[in-house]
Amino acid sequence: MALTSKPIEIRTSPHIRKAISVAQIMRNVVYALLPICAWSVYKFGLSALLLLLTTTVACALSESLFCWLSGRNNTVRDFSVIITGLLLGLTLPPGFPLWMAAVAGFMAIGLGKALFGGLGYNVMNPALVGRAFVQAAFPVAITTWTPAFVPGRFSEAIPSTLTTPFMTPPDATVWIQALAIDGFTGATPLALQKFEHISASTIDLLTGVLAGSAGESSALLVFLCGLYLALRGMMDWRIPAAVFTGTILTSLPFYLVSPEIYPSPQFMILSGGLMLGAMFMASDMVGSPLTPRGIWLYGFSIGFLTVMIRLFGGLTEGVMYAILIGNVLTPLIDSVTQPRVYGARRQEERP
Amino acid sequence: MDPESVQFIFLNAAIVNNFVLALFLGICPFLGVSAKKETAWNMGLATMFVMLVSSVCAYGINLLLVRFNIEFLRLISYIAVIASAVQLVEMALKKFSPGLSRAMGIFLPLITTNCAILGLALFQTFREYNFVQSLAFSIGAGVGFTLALMLMSGLREKLELARVPSVSQGAAMSLMLAGLLSLAFMGFAGLGSSHA
Amino acid sequence: MSEGVQARPQTSSLAMLRTLGGIAMISGFLVVLVFQWTKPIIAENKRIAIEKAVFRVVPNAVSRRDFILAPEGLSPVGKKAKGETVYAAYNAKGELQGVALETVATGYQDVIRILYGYDPQCECVTGIKVLKMTETPGLGDKIAYDPDFLKNFHGLDGKLSADKSGLAHPIAAVKHGSKSEPWQIDSISGATISSKAIGRMINASGQRMFPLIQRYLSGFRPPVTVAAQGGEPPGSDLQ
Amino acid sequence: MNLNRIFNKYRTFPHGIHPLGHKELTAGKAIRRVAFAPEMVIPLSQHRGAPAVATVVPGQEVVRGEPIAEPGGFVSVPMHSPVTGSVKSIDALVPSAAGPKVRAIVIHTYEASTQEVLYDCPRDLESMTSEQLVQAVQDAGMVGLGGAAFPSHVKMLPPKGKKIDTLLVNGCECEPYLTCDHRIMLERADSLIRGIEMALRATGAGRAIIGVEDNKLDAVVHIRSRLPSGGRISVEAVETKYPQGAEKMLILALLKQEVPSGGIPADIGVAVYNVGTLAQLGDLVPESRGLIERVVTLSGPGIERPGNYLVPIGTPLRFLLGQARSRSDANEIIIGGPMMGMSVASLDVPVTKGVSGVVVLEPKDPDQRPRPIYPCIKCSDCLDACPVNLNPSMLGQLAQVREYGTMEQAYHLNDCFECGCCSYVCPSNIPLTQYFRIAKAINREAAVAAAH
Amino acid sequence: MTTVLHKQEQVTLDTFLRGIWEENPVFVMLLGMCPVLAVTNSTLNAIAMGLATLFVLVASGTLVSLLRKMIPREVRIATYIIIIATFVTMVDYTIQAISLDLYNSLGAFIQLIVVNCVILGRAEAYASRQRVGAAVVNALGMGVGFTLALLCLGTVRELLGAGTILGYPIFSPNFEPWVVMILPPGGFFVLGGWLLLFEWIKQRRERRTLQAQGATAHGS
């Protein structure tokens, strides 16, 4: 009988696997990010395109470099580094000098990932580590916002984009004034709300025609892309849900007490990087807790911290730092929320 | 918040200008005793306690020093009095609460001569805090120290299971982690100052 | 091992006390020696530092005298009076040029402490100097050196209200490029928080102190001789 | 988490997974007999507990149904000859599904051997005491047919101080591909009910609940229509979800109770039996017969004629697969279901009492494709799958650094019943269940070493 | 009182060099980390801090070594602390006299030299057991090692963080400084970076020696 002609395989149970693998998940996250990238390129033109390319290439090259240095197989092909690069690019201002973006990419992978052993072992979100590093290193460049939908944006880059490496970028105000765009103040909706108490309209926030980083603009688009991942089971929907709950529950009391000073919860959710952060960055499973209660607690803390930093901190935007703090809280959260095992005796019954 | 107010002093010492992560005080115990959550917690408790004791002592001594115009003896008397006060309290603790004393025991002598404790005493003197402010400052500093230590120990325990490259194992990794923590804590800058 | 086996004779308490006492004596001697030697130098350093700062915020000043100012009255430093220390600055002819005051507020990172000058004649602020801050280099720390920003304080309006209990117009920092009134401060672009902190602290201090300065204006008599002033500076961060 | 949980009206337990069932391959196929293999191999240890002791000698003639081995202790059962033939050898070493070679009786089948059981003796159940019933169950050589092959009579005698009040009859059949229990419920409902009543008497339990997954509602309806009056026996549908058939999960779903960690169902007054076990009991005990054949599902993409076969115990796999026409490019042959079964190394392995199915997989199946193993990405899918609420991610990471002691003390390793859910869902393809099996074995060895 | 006899060390070049490389207090023993991180945001501060520590190390080492026969075991730590505190107070006032700006930028860290483990550790582990000569040379070595480590950090941080060394611009005027380097995280990162570098060099050297040994084994 033919049966014996071929060697039979021996495996251990279970013999079947869910047909979904890490590389597949990562590839789908990249797909989900592409529409957001496309929108930002449409909005900010050549500069945004160059920025996204730079961060992605810088991340991929750094990953290869560190793999080579530590004598490990190159892990670029698992796509996680592409996500890091794209997300990093999406969080930076569109006119961010490319050389600084490359520094951010290098730091994201080196400091945020390779140092700890690569995929799965990092303790903080690599993309945000990269961004936090350049935020602390180049505070001026990272708070310089340029207007969207500038005519000629596809043929000409924002002047600061092509700054010579290690040099100070040219003053953006000159360029912006030359454009003579009505009413552009260089302030993001969050800064306007914080310092002038002017809230942008919900429609503007949803569609994203405002200033801001490449990825923090259209809340609706980001939400839809995140929804795709959640529906395909590649992202844990509980994390964004918990972040939103935390944000609403924390900001609502302030809004109810004095709506003229404090922004509404819906502004809180739709403005800034919260949508992108909740959907794509807080939800990075590597830095988030494992336990079900831990996941809710983690998301809630991120929402809470974001509101606290936005309302009472020095910064206008707190999502990045809230997620980083959430990441470092994760081990502690995990250790206090271990699930009760089936049949475990209750405390008092223990001998 | 008023920068002189007790809440602000507490919040500032605990989070915004965290002793370890922003002021670089108490780095040695932070690096040395943060490998396990359990020990980190006990160390945190012990430090909080010693901070409280030394803050009170320093406040008292400073009154005397100013009264007799011998401020140049400040450093010598601070360190001597803090060391002996901790010794006394430790003895009392051993007698009345052996459990607590056992948990904090080995750490107490270690803490007595570290920068966080003396730094606390010196800072509260420079900033001319009154008694209540000093208390808030010391509790805030203790809470902040414990927080940093717990976060660090959680991360280090987690990384014990990671495939860390051989070069970055050990002290270098701890320092990088501390740097990342410090970077994350920069997000709290200005927390509590009003911007209206 | 043999030493370990022998019972170590207990050191007598007397020996311990003797040693400790001896060491304490030595150290006391050393410390006092250095203290005595450096005391005048340090005092002089501090005086120069204060004077530099005061003369920087009050133009044309060449001498200063320190007072304690409180709602109850004005008294020269030295008398045990409660209140805020202010530095009156005089020109070569001994005429009051202005008063320098200290004030604090929380900025972007931590507390900012400044000294600023107030000219009772023109009822305006004449200059500021940052004494202490930890603002972000390149951004918030521009409050200390940015010429455009510092220009705000050459004649910043601090007029009293009609009832002389406070300022006619609260001093405040406004967004970069939107200064329209003489009592407004044009913020540094990208460092609104630090700029606002400066506005806030001058306003708070001005609301309280300007009416008092005006009320006790006649008390700010110049020092007897310019050089005789100085001495121990009041306990403050001013160095 | 999934929305199904919200809309499904049937009871279940938290977590678990939903692998593709593939039951349509065989669910409609009635049970058929297979021919006798020319040589039957009957291992002496087909069950948990002590091996049986042979009572025949080589060359001896045996008839179908005749006892050929006696129990080696209380937790042990006798063996019966599945065919009429002559004993070729006893104590021969034959390959087993688990790997190591085991002792077995090999019987040469007479060409003329018929399906007729020649060794029986009807008896009156009504007059038997419960002790006699338990003895009769042991004499029948009954072991659990749900897979674990635990001697059935042992479960009828609860430990001292415990009393069985509820009998759960496990008709879940949660493993993909397998449909033997489904067919038994449809075709042998009366035997099943007879077996249940017998078990109720033997255990002294007051009620019996048959739990059936809701993908077999036809079985529910069918059994309900045959239930005797009196209401002691009921049928409940439960949600289709793996591992709904694990006894701890079934108890949680139907009784809302948990078996204490490290305990057995008897601790909370429950005994769980597989439907196949009780149907066989209902058939065998009244006739004083022994267990000589069982229903086995042959299925999977590697089988041309999938179906449910009544297979004599001891039929070698090679013969059985020949009957069902296994395809030539089959690459993995599994005894049991694909979630918990074992892949066999040799086709000379015989069908034993615990074999509920033989599944032949092909390399081109999407869930079979080889994939690289990644580090754990902490996705928490395994936590959301583990039916006993363990933390497989943490356990897996600890296993990789060989912290076996910590796994047991801090993370409840011993509560893992190796259902495979965590490995199934893991996107990093980490062989978690395998790690846990190894860790347990190492801990057991360490404990034994420490005891000496 | 019994004096436990310790082997008296010969003063050699190694007595001095040990503190600089093999037993470098910062890079190898990880002692006195707080001042290392806190004051190294500029080269000048690093030098001042290093010299101040060097002075206290040498002075207290000398005194402790001189008095080593007279100090009873029971009170030795207290004695050392008083001695150290004395010298620190002296340094503190001296720096105030030299420059108030420098004093302000070093903050409380001059006074915190008292609790610097390097100094107490040296007093306890070396000076209290060795003759004055050895104690001084050893303290000098440690102090120089400490100062060099501070310089390693200070120069990198100032160069990257402000584009200057000792206040003098190094790069073209358009250089964009990496502000993070003079902020607290930068301190951790730069020290961590140095340690990574040393570790990498060490491991590479070990690999090379192993390979070399393997090669000779093959050759023979």
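The chains carry the letters A, B, C, D and E, assigned in the order they are written, with residues numbered from 1 in each.
The rule is simple: a residue touches a chain if its C-beta (ideal position, glycine included) is under 8 Å from a C-beta of that chain, and two chains touch if they have at least 3 such contacts.
Keep in mind it's a predicted model, so treat the numbers as computed, not measured.
Both chain D and chain E are touched by A, B.
The chain with its Cα centroid farthest from the Cα centroid of chain E is D. Centroid distances built from C-alpha atoms place D farthest away from chain B.
Among the chains, the centre nearest to the mean of all shown protein C-alpha atoms is found for A. Between chain B and chain D the centroid-to-centroid distance comes to 60 Å (mean Cα coordinates, whole Å).
Chain centres here are Cα means. That of chain A falls 33 Å from that of chain B. Chain centres here are Cα means. That of chain A falls 44 Å from that of chain C. If you average the CA atoms of chain B and of chain E, the two centres end up 23 Å from each other. Across the assembly, chain B contributes 72-73, 76, 163, 166-168, 173, 176, 179-180, 183, 186, 189-190, 192-193, 195 as residues in contact with two or more other chains.
Annotation for chain A: residues touching 2 or more other chains are 111, 117-118, 121, 133, 136, 139, 195, 314. Annotation for chain D: residues touching 2 or more other chains are 375.
By the definition of touch given earlier, these chain pairs are in contact: A-B, A-C, A-D, A-E, B-C, B-D, B-E, C-E. The touching residues of chain A, counted against chain C in their complex, run 139-140, 143-144, 173, 185-186, 191, 195-196, 314. On chain B, the positions that touch chain C within their shared complex are 1, 3, 8, 12, 16-17, 72-73, 76, 128, 189-190, 192-193, 195.
Residues of chain B touching chain E in their complex: 21-28, 31, 72-73, 75-76, 79-80, 83, 113-115, 117-119, 122-123, 126, 166-168, 170-173, 175-176, 178-180, 182-183, 186.
Within the complex formed with chain B, the residues of chain A that make contact are 70, 111-112, 114-118, 121, 123-124, 129, 132-133, 135-136, 194-195, 261, 305, 308-309, 312-315, 318, 320-322, 324-325, 327-332, 335.
Those residues of chain D that touch chain A in the shared complex are 1, 17, 19, 176, 248, 252, 258-263, 318, 321-322, 326, 328-334, 336, 338-345, 347, 359, 361, 365-369, 371-372, 374-380, 383-384, 387-391, 393-394, 411-412, 415, 418, 420-421, 423-429, 431, 433-434, 437.
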